[in-house]
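Once you scroll down, you'll see the structures, which are given as C-alpha cells.
Each of the two complexes below includes chain A, the first together with chain B, the second together with chain C.
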Partner chain A sequence: MLAPYIQAMLSGLAVGGIYALIALSFSITFTTTNTLNFSQGEFVSFGAFVGITVLLFMSGATSLSAIPLSASGGLNYPIVLTVAGVLSGLIGIVIFVAAVRPFTGKPGMSWVMSTIGFGILLQNVGLLVWGPAPANLPAPLGDNVIRVLGAGVRPQELLDLSAAVVIMIAYDLLMRKSRVGKAMRAVAHSPQTASLMGINVQAMMIGAYAASSALAGIAGVLIAPVSTASLFMGLGFALKAFAGAIIGGLSNARGCIFGGFALGVIESYVGLWQAQWREIAVFVLIIIVLAVKPNGLFGARLVEKV
Partner chain B sequence: MRTGRTIMATIAALALSTSVAFAEDIKVGFNGDLSASPSALSGQAGVLGIQAAIDDINAVGGLLGRKVILVTRDDLSQPPKSIQNMSDLIDNEKVTVVFGPTNSGNALAWKHIPNQKHVPSIGMVGSGTDITKPGPGGGDNYMFRVSMVDRSQVAGLMVYAKNNPKSKKIGYMAETTGYGQGGLKDIQEIGDLQGIKPVAVERFGVADTDMTSQLNKMKEAGVDTIVVWAQGTPTGQLLRSMEKINYFPLVLSSWAADNKSFFDAAGEKLAELPIFMRTLTDDLTPKQQKLFARVSAKLPSTPAFPFVVHGYDAMMLYAEAVKQAGSDDGQKVHDALENLKGTYDGYAKTYKAPFSATQHEALTTADFKWAHWQAGKLRSYSDDIIKKLTAADFKI
Partner chain C sequence: MALLELRNLSINYGPIRAVDAASIVVDSNEVVAIIGANGAGKSSLLKGIAGLIDPSGGEICFNGSDISQLSAHKRVQMGIALSPEGRQVFPDQSVRDNLVLGAYARRLAKSELERELDEQFEMFPRLRERADQLAMTLSGGEQQMLAIARALMAKPKLLLLDEPSLGLAPLIVKDVFRIVRELHDKHIAILIVEQMANLALKIAHRGYVIETGRITTSGTGEELLRDPAIRAAYLGAAKSVA
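Let's look at the complex of A and B:
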C-alpha cells in the first residue's frame, strides 16, 4: 500500500537532484555577477553530447548509435564527466566574455537576450556537429532496476542523486572555508568593496561563469543515461531548475538546492494525484512563495536604495 | 539612345529565353524539417524517396516530356518558417506540388495556403488526423496524404483492445503535447464507438523521465491494457517506469514506437513489449528490398525507411495525375488525383483509385501492418485476435 508513496519519493528525489544541481549553477552566477545564463539548458545538452563523443573515441565505435553498453565502465565515466565539465567551463568563460561582461553593471537587461542568443548559437553548432537524432550514453553502473522497500530505482538515478549531494556539499565547503570561496562571497556582497580589498573581481566573475557552466555540463552527463541525450533535452530541465531556484531563493545556494529537490518531489506527488495538474501546481506554488517571500524561501532581502 | 535600346532588347531577349528554359522543367517542392528536431530524420528519408522517384521519371523522358526538378525547403520544425517556405515555394519557385511537411503541426499551420493557391500538397510524413480534413467554408481540398494517419492507427488499436479477451480493464495514457492530446481525443472517440469505457486516463510530459506515479494509479485501478499516445522517447521512458514498479500490462502504442529514439530509450528488451501499426515492417517484399538497397547508403536511420516509400509513391501518384490531366495546372491535377484511373503498382501497395472527393488518404487502416520489435528488428506481428478481425469490426 505504501509502495506508490515510497516510489514517488524516490523518483522525485532522483529528478530533484538534477534540478538542484542546475539550480545551484544558476545561483553561482547570480550571486557573483548579478546576471544569469539563460542558455544553461543548452550547456546541459552540450555537456551530454561532449560526453558521448568522448565515449565514442574511447570505445572506438564508428557512430554515436554504435557505442557499446559497456563503454562507460571503469574509469571511462569519470573521464567523460571531467572532459564535459572542463569543456563546458571553457565555453562558460567565452559566454561571459562575449555575451555578459559587456553588459554587467549597466542598466537594462541586455544580457538576457545575449545569453539566450548564445544558447541558440550553441544549439545550432551542436546540430551541425551531432545532428538532430537523440543518442544513448550508456549508464556506468548498468541498467538493472534496484528494489528499495517495494519501489524501483535505476543505478544511474542513485548515482545522480549522490553525485548531486556530493557536489553540493563540496561547493558549500568551498564557499565557506576556502580563500577563493570567501573572495567570491565578498564579490557577491559588494564588487566595489571587494575590489578595494585587493580581490580580483573580474577573475572571480569569470570563475563563477566557468564553474556554473561546468556544473551544467556535468549535469548533462549525469542525466543523459536516464533521459537519453538530445540537443533539446536541456531546456526542460533548466526551466524546472530555474523554478526551483526561484522557490528557494536565487541568492542563496542552499536555498536553490532545497528548491530543486522540493520541486522534484512535489512534481512526483502531484503526479500521484493528478498528473496533468503538475505544471499548474508548480507555478501556483511559485506565485504563492513569491507573494509571501519575494526573494524566495531562503533568499536574502534586497534593500534597493533610491 | 540606340545602344541603350539594343541593351534593353538583349536583356529582354535573355529574360525571355531564361523564362522559357524554366517553363520546360516541372518543379516540385518539399517543405519540412530536415535538420532541427529528431523527426528531421523522417523528413530526410522522405526526400530520398521523392528524389528516387524523380530520377526514375527523368530516366524515361520526364513528365509530359519535361524534366522534373525537386526544390527542398527546411522549415526547422517551426510553423512560421514553414508558412514562409510555402509562399516561397509556390510564389517564387512556382512549384506545382508541395510534399511534406515533417511535423503535423506545421501542416495545420499552412493548410489554407494550398487550398487558396490551388496547388496540391501531398503529405508523406506527418500523421495528424486533421491535416487532410477540408478547411472551413468548403471549397476544394488540396491536401492529400500517402502516409500513416493517427485516427486510422487508433481505429486498429481500439479494435484490438475490444476483441482481446484478456483486455478487461483498459487505460489510456498520452503525453501533454499537441501530438499526444490529439491522439488521446481520437482514442476516446473511437473508444466510445467501440463501447470501451476506460478505467483510468493519465497524462505525462514529453520530457519526463519517470512516469511511475501515473503508472501506479493505473496499477491500482487494475488496468491490464494501456493504449498510449506519445512520441518515441517518452514512450520508451514509460516502459522503463513500468519496469521500475514491476507492472507489465499489454501496451498498444502509436507508431512512434517504431522510431530509433524509442528503441534507444526503452532498450532492446523492453522495446519488445508494445504492439503498434505502421505501413511497413522489416519483413520487406523483394521489390521493397530493391528500393532499400538503392537508398540505404544515404538513409539516416533504418526505421525511417517507410518515409522513403511514402515519398516515392506520393511523387509517382502525382506524376500519374499529371499524365492523366495532361497538364501540371494545380486545379486539373487536383481533379485528376481525386479521379485517378487505372492502377499504380507502388512500393507500399497497389493503388487503385487512391483518392476521391471525400477520401484524401491513400493509405488507410487496411493497408497498415501490425508490428513489434524483436531482437532489434521491426517485425510483423500477428496473433489469433488479429487473424479473426474483419473489416466490419473497425470503427472510425
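Let's look at the complex of A and C:
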C-alpha cells in the first residue's frame, strides 16, 4: 500500500539529485563570477552525447543506435563520466573566455544573451555531429527493476541518486577543507579582497566555469539512461534545476542542492496525484517561496559587522 | 634606493580624479603616514599601490621595478600587502582560515604554515582564542587585528594600512598602534593612512598631507605635528589617546 509513495519518493530523489547537481552548477558560477551560464541545458545534452559517443568507440559499434546494452559495463561507465566531465569542463572554459569574461564586472547583463547564444551554437554543432534523433545510453547496471521496500526502482535511479550525493559531498568537503576551496569561497565573498591574498581571481573564475560545466556534462551522462538522450533534453532539466536553485537560494550551494532535491520529490508526488499538475506545482512553489523569501530559502546574504 | 616610489601617480573613477599626480617615497624599514580628510583620496592611493585600481597616469616603482601594470595578486607575491579599509575579513571563514588565505600565494609547507600562524597568534593573543570561530563573530577591534595579521601572513616587505582605527574604541585604537610600532621593530616598511592624524604622525618617521587628491605638504612626523595649519585642520578636535 505504501509502495507507490516509496516509489515516488525514490524516483523523485533520483531526478532531484540530477536537479541538485545542475542547481549546484548554477550556484558555482553565480557566487564566483556573478554570472550564470544560460546554456547549462545544452551542456547537459552535450555531456550525454559525448558519453554515448565514447561508448560507440569503446564498443566498436557502427552507429549510435547499434550500441549494445552491455556497453556501459565494467569500468566503461566511469570512463564515460570522466570524459564527458572533462570535455564539458573544457568547453566551459571556452564559454567563459569567449562569452562571459568580456562582460564581467561591467554593468548590464550582456552575458545572458551571450551564454544563450553560445548554447544555440553548441546545440547546432551537436545537431551537425549527431543529428536530431534521440539516442540510447545503456544503463551500466541494466534495466531490470529492483525491489526496495516493495517499490520497484531502476538501478540507474539509485545510481543517479548515489552519484549525485557522492559528488555533492565531495564538492562540499573540497570547498570547506582544501586550500583551493577556501580561495574559491574568498573569491565568492569578494574578488577584490581575494586578490589581496595573492589569489589569481581570473584563474579561479575560469576554474569555476570549468567545474560548473563539468557538473552539467556529468549530469547528462547520469540522466541519459533513464530518460533517453536527445539534444533537446537538457533545457527541461536546466529549467527545473534553475527553479530549484532559486528556491534554495542561488548564493548558497547547500541551499541549491536542497532546492534541487525538494523540487524532484515534490514534482514526483504531485505527478502521483495528478500528472498534468506537475509543472504548475513547480511554478506555484517558486512564486510562494520568492514571495516569502526573495533570496530563496537559504540565500540570505551575510551581514558584515562594523 | 627607495622601497616604494610613486611618481606623479593619478587615479580616476571615470571623470572623477581621486588622486592627482601624487609623488611619495617609502624607504625600507620606514613608517610613513598619509593624512587627509574624508574623501581626500587616501584609500584610492593605497588601492592603486596594491593593484586594485589601474592608475590613469604616473609610475609605481617597487624595489626598483615599475609594477604599475602588474595585477594585484602578483604584487602580493612581490611583497606588498594591504589591510583594507573596513577590514574586509572573510566573514564565513574561520579566523585560522582567514590567516591561511593571507599566505595563499606563498604555498607554505604545513609545518611552516603552522609556525607562522603561531607567530601571528603570539602577537595577537585574542586571535588564538578565537582561531576556530567564524570571522563574522569577532568584534570590530578583533576583526581589525585579523585583517592586519592576515596581511602579515603574506610576509610583506611593505604593509599598507588603510584607517586601522576606523570605528574602534580609543583603548583598542591604542592597541592597534602599539602593534604597528612592534611591526616596525620587525623591519617591515609601513604606509599608514589615517583621518585621525595625531597617533599616526606620532609613530611615523615621515608624513604626507593629501587634500582632494593632491599631496600638499610633507615632512617628518614631528614637523607635521607642530605645523599650525595641520594642527588646525587635522588635530584640532583630536585629543591624545596615547
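Points worth noting:
One rule holds for everything that comes next: the second predicted complex is superposed on the first by the 301 of 306 C-alpha atoms of A that agree within 3 Å, B and C clash if a C-alpha of one lies under 4 Å from a C-alpha of the other, contacts with A are read in each partner's own complex, and residues count from 1 in each chain.
Assume a residue touches a chain if its C-beta (ideal position, glycine included) is under 8 Å from a C-beta of that chain, and two chains touch if they have at least 3 such contacts.
This structure is a prediction, so every number in the text was calculated from the model and none was measured.
Aligning the two structures on chain A places chain B and chain C next to each other without any clash.
Of the two partner chains placed by the overlay, only chain B lies in contact with A:133; chain C stays clear of it.
In the superposition on chain A, contact is made by A:179 with chain C only, not with chain B. When the two structures are aligned on the shared chain, A:193 is found in touch with chain C, with no touch to chain B. By the document's definition of touching, of the two partners only chain B reaches A:153; chain C does not.
When the two complexes are overlaid on their common chain A, residue A:11 makes contact with chain B while staying clear of chain C.
In the superposition on chain A, A:65 makes contact with chain B only, while chain C stays out of contact range. By the touch criterion defined above, A:232 lies against chain B but remains apart from chain C after alignment on the C-alpha atoms of chain A. Once the two structures are overlaid, the count of chain A residues touched is higher for B than for its counterpart among chain B and chain C.
Of the two partner chains placed by superposition, A:247 touches none, neither chain B nor chain C. Of all C-alpha pairs spanning chain B and chain C in the superposed arrangement, the closest lie 39 Å apart. Interface of chain A with chain B (complex): residues 3-4, 7-8, 11, 14-15, 65, 127, 131-136, 143, 145, 151-154, 223, 226-228, 230, 232-233, 236-237, 268-269, 271-272, 275-276, 278-279.
Contacts from chain C toward chain A in the complex involve residues 50-52, 71-73, 76-77, 81-82, 84, 86, 88, 90-93, 97, 100-102, 104-106, 136, 138-140, 143, 150-151, 154, 167.
Against chain A, in their complex, chain B makes its touches with residues 35-38, 40-41, 176, 202-205, 207, 209-214, 216-217, 220, 233, 236-237, 240, 243-246, 260-261, 264-265, 267, 300-301.
Chain contact summary for the complex, chain A toward chain C: residues 179, 182-183, 185-186, 189-190, 192-202, 302, 304-306.
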